[in-house]
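Labels for the chains are A, B, C and D, by order of writing; each one numbers its residues from 1.
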């Protein structure tokens, strides 16, 4: 408990906390992110209607404009979509799905990338070469294309039924496989520098094995660059998922994400129901924008050179 | 002469660089008597740091051998090292106390309960306070960090200490404190140590025996007083001549031109011949072996006769023969 | 009071550069830090003034202040910098730009970083000359080759079109010296010019700097932490400690008969090259950080002779023989027989 | 220099081999080609006959070599969906994608980099703060949302620009181009902006950070100490050193332009490779997917090669290495 107190006290006096307080874009985006997180976690409680309970839907209410537009009903604040689902509820669930896929894929790509980066950086030699060759090959394909190909191919390879259940997992894996290279290269870079540093040599002298040194000494020093990449790449992951869902791949139709909603809205764009695509779009932009704002601040705050 | 604690025989270390093999350390042999401090001095790229890392066990030699004898009073042979850059020798994310405790706990040198006390004693011994255990490295100055490094080295209860330019990154007044501390601790602990530096004055203060290195080769090995009194090898003379003299105003600095050749393409024969005023034909063809002179000094130079008269520093006609300040 | 005593120094003519009560501050979230506090010194034409002190004493900042190149948010908070009779610390950016290179040259520490890697050595020389001196392109190229020969670059006619990475450290620092002198400045600020070089190359580069400046009557502010470099190259020397000048005077006086306790301690700490000593004379403690500068004399926490007076009020530099010492209890004897 | 190039060639070859194996395996192990051609209820020996005629019974490596042999001549079999040889389908779609990507690339580089340079030189100015906000929005808005918003404004409400398709095209030999007709350009405007926006903001942010980094360097400080003119310091010294790292990233980013074109082409129904691959994936049209994979891999290897050559040409430090 004492070290907890110590770290909290150390955090409050630290430059990080001071600069967070001073830069409006940072604490505003932090608050917005917390709001988003809250909405996503409490979606079932906040949503006025459960969009997946078909019984509750009433097709007559389909395609109602938002309440403040002429013809809108107060019951459906943001109007309804093609299947009569209340936009507010379906957007909350959509947000939850988008955030889930974004965070899950980022964590997966972080774990894969950091481990491979550490191993490549520390072991060097052939292993380093193989991992970095793979990274180069993958880097020549942009993340979205890689995710698209994996998701698309899995759709053709797996029989339809199997694909339905697994598609969520496939999307997460697809996006993760597309983004692990960032972590691997950065972590390898930092590891290469840290492993030659004298504090590692000092520990090698007492006979400690490479693996133990890696985790006791090198790992803590790569956390801050990894943290910065993770924050920035959540935004990218959410964007990638939304793109896949928009293209009809991505998450299954039964549990739509914001991308899916935007696609459904886009199909009826020309018949005038603009809100079905615009409102989820704005929600998505708000999410990605605040993640990027917070990530930018974090990168500058943690970057020793800029201090 | 007491049994040497460390005996290095024909040690070499090669690297592959741009398709060529570079001999960073080229067939080096020397002994370090137990309880004494042997120094390796030379300019950058002469291989002294590579040699130190090989001897400390951080790097494997390409050829040759190094034998450690029995340390004093039956202690176990253990090596510790003190590094040049105070900012890179401590893990920024570890508290200082934990860094010092690690060698103790990992090698079970103390009971778990005594470790905290041992760390505090060591901190006091190097001139810091027990309260510093909870601090992080960024809360200390360069000099204080070197003290922490020394405390950590002592925590490992070494019998052999390798110091790689421990004070080059420090200011003069801080350097004096660290050099005094090192000298005192080595005496008290009865350590045998290898000291690396490019500064001849520092080397004179700490060591009893000095080896001068040039482009991977040992060119001269002599007891400290002997080396300063009568340097045999022309390169040793060049190094001594280049040290600025405090308080004697301007001297007619007579230095041969030319710069350190790159280790990638060492000149043939004796690698110093392009810059050597006493270079003869043989020097361009054949690398001189390290010969033992009558008085035990080792020299690798064709111009030095076995009687060991130092090659008078006769730089080209343009420069007047410099008188050597043998004060 | 200071104004008069400073002119007692040997040169009768007005000094090329005179700095009076210079204070440089750096605003931070914990309040302003004073990097330089009440620094005053003169440099005569053609004189080499050594600025010596340990890291953090503020010697480089002094050089940057004179050049007007302080990294923001550091700024000149008070004091005057008079160059050739003209106050330059208040000049506009464009006026200062014309001064730099043409009247005041500069040499920085690391030869590997000072040259633009993508421009040939010749380009960088010709551009500097044509910016300040009326010259055609060919004349400038000719002068550039001549400059490379002057600073000892072998086969200059070919090497003029080579890139910086094709030269060794020592060669590059020679080119940096050529760049600093090619617009014929009257003063050169050399900030640790040879610290990054090996001992043997260091001696050659310092000799080059000294002979070139002597021939052209260019004054040099030689900033270094190495007392040996000072004692062999400077005419006069100022010892800096924690943002203040502890002692100023002719090099022989300061090095052999230092009066300020810090200078004496500094000299004692230097391991002698020409004799064996058992222990080095050490000054306990460390230089106070920028944010923790003590009251009164900044050296008092580490000084054996500190008295109540030293703790409360800061001693102003006052003449002691030919030197100026900022200490209430100067040690050793003043050198008699020199005009007070 | 030669050693470096051979290295890159080897690297490119590895990528091509890997990708060709991937696309070969697509062909063989996905969906039974035989049943597609022979029909569901064919008898066993009919299937056997078809398998033999297609050479599917030969050892795998031989099949792979034959596959590569055919691929090199651009022979990828027949597209299931369009019942046309794959090579012709791709050839017909290639000009649309290349033209769109080219215009978007010119836009992204031509606007992004100067904005980055300005923001790097004048970090405090109001315009820079504005540019930074735009750039942040730029990378936070998915390109399909940009597309939709543009359609909403310029097509639906203002009706200035067509919201889909490529307008009239002119056939120049084998290459039908949309750049020579007014409607071609009008329909190109929105997709090009959508495609360029994401890259443009990326270039701007990259150039700005790199520029500020260079302006903090020691040789710029030394240039200032020599009293050089501000214009020369900013452009002759700083900009040149800024552009070197940008070249590599610009090359890679332009490559990814092809990927983003998939999204833009879907939103604007632009008849290019992007739309083709989406339809192929949802339909499971394996030959087209396999061919697309190889084509993209070839494109990236070429782009990487060009970027490396450019790097060599501009940076003397590499050139001097014998």
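Please note the rule applied: a residue touches a chain if its C-beta (ideal position, glycine included) is under 8 Å from a C-beta of that chain, and two chains touch if they have at least 3 such contacts.
These numbers were taken from a predicted model, which means no experiment stands behind them.
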Q. Which chains does chain A share as contact partners with chain C?
A. B, D
Q.
Tell me which has more C-beta contacts between its two chains, A-B or A-D.
A. A-D
Q | Approximate Å spacing (C-alpha centroids) for the pair chain A, chain B | A | 53
Q | Rounded Å distance, chain A centre to chain D centre (Cα mean) | A | 24
Q) Between chain B and chain D, what is the gap in Å from one C-alpha centre to the other? A) 56
Q) chain B to chain C: how many Å between their CA centres? A) 32
Q: Could you tell me which shape the graph of touching chains takes: line, ring, star, complete or other?
A: ring
Q) Mind giving me all the chain pairs that touch? A) A-B, A-D, B-C, C-D
Q | Residues of chain B that touch chain C when the two form their complex | A | 43-44, 141, 143-144, 171-177, 179-180, 183, 198-202, 204-205, 224-225, 228, 238-240, 242-251, 253, 255, 257, 259-260, 262, 325, 327
Q | Residue ranges of chain C in contact with chain D within the complex | A | 67, 69, 97-102, 105-106, 108, 110, 113-119, 127-128, 131-132, 163, 165-166, 176, 179-180, 183, 189
**Q.** Residues of chain A touching chain B in the complex
**A.** 197-199, 201-208, 217, 220-221
**Q.** chain B residues touching chain A - in the complex, by the definition given at the top
**A.** 53, 56-58, 79-81, 83-85, 88-94, 99, 102-103, 106-107, 149, 152-153, 156
Q) Can you name the residues of chain C that touch chain B in the complex? A) 54-55, 152, 168, 170-171, 198-204, 207, 225-229, 231-233, 251-252, 255-256, 265-277, 279-284, 286-287, 289
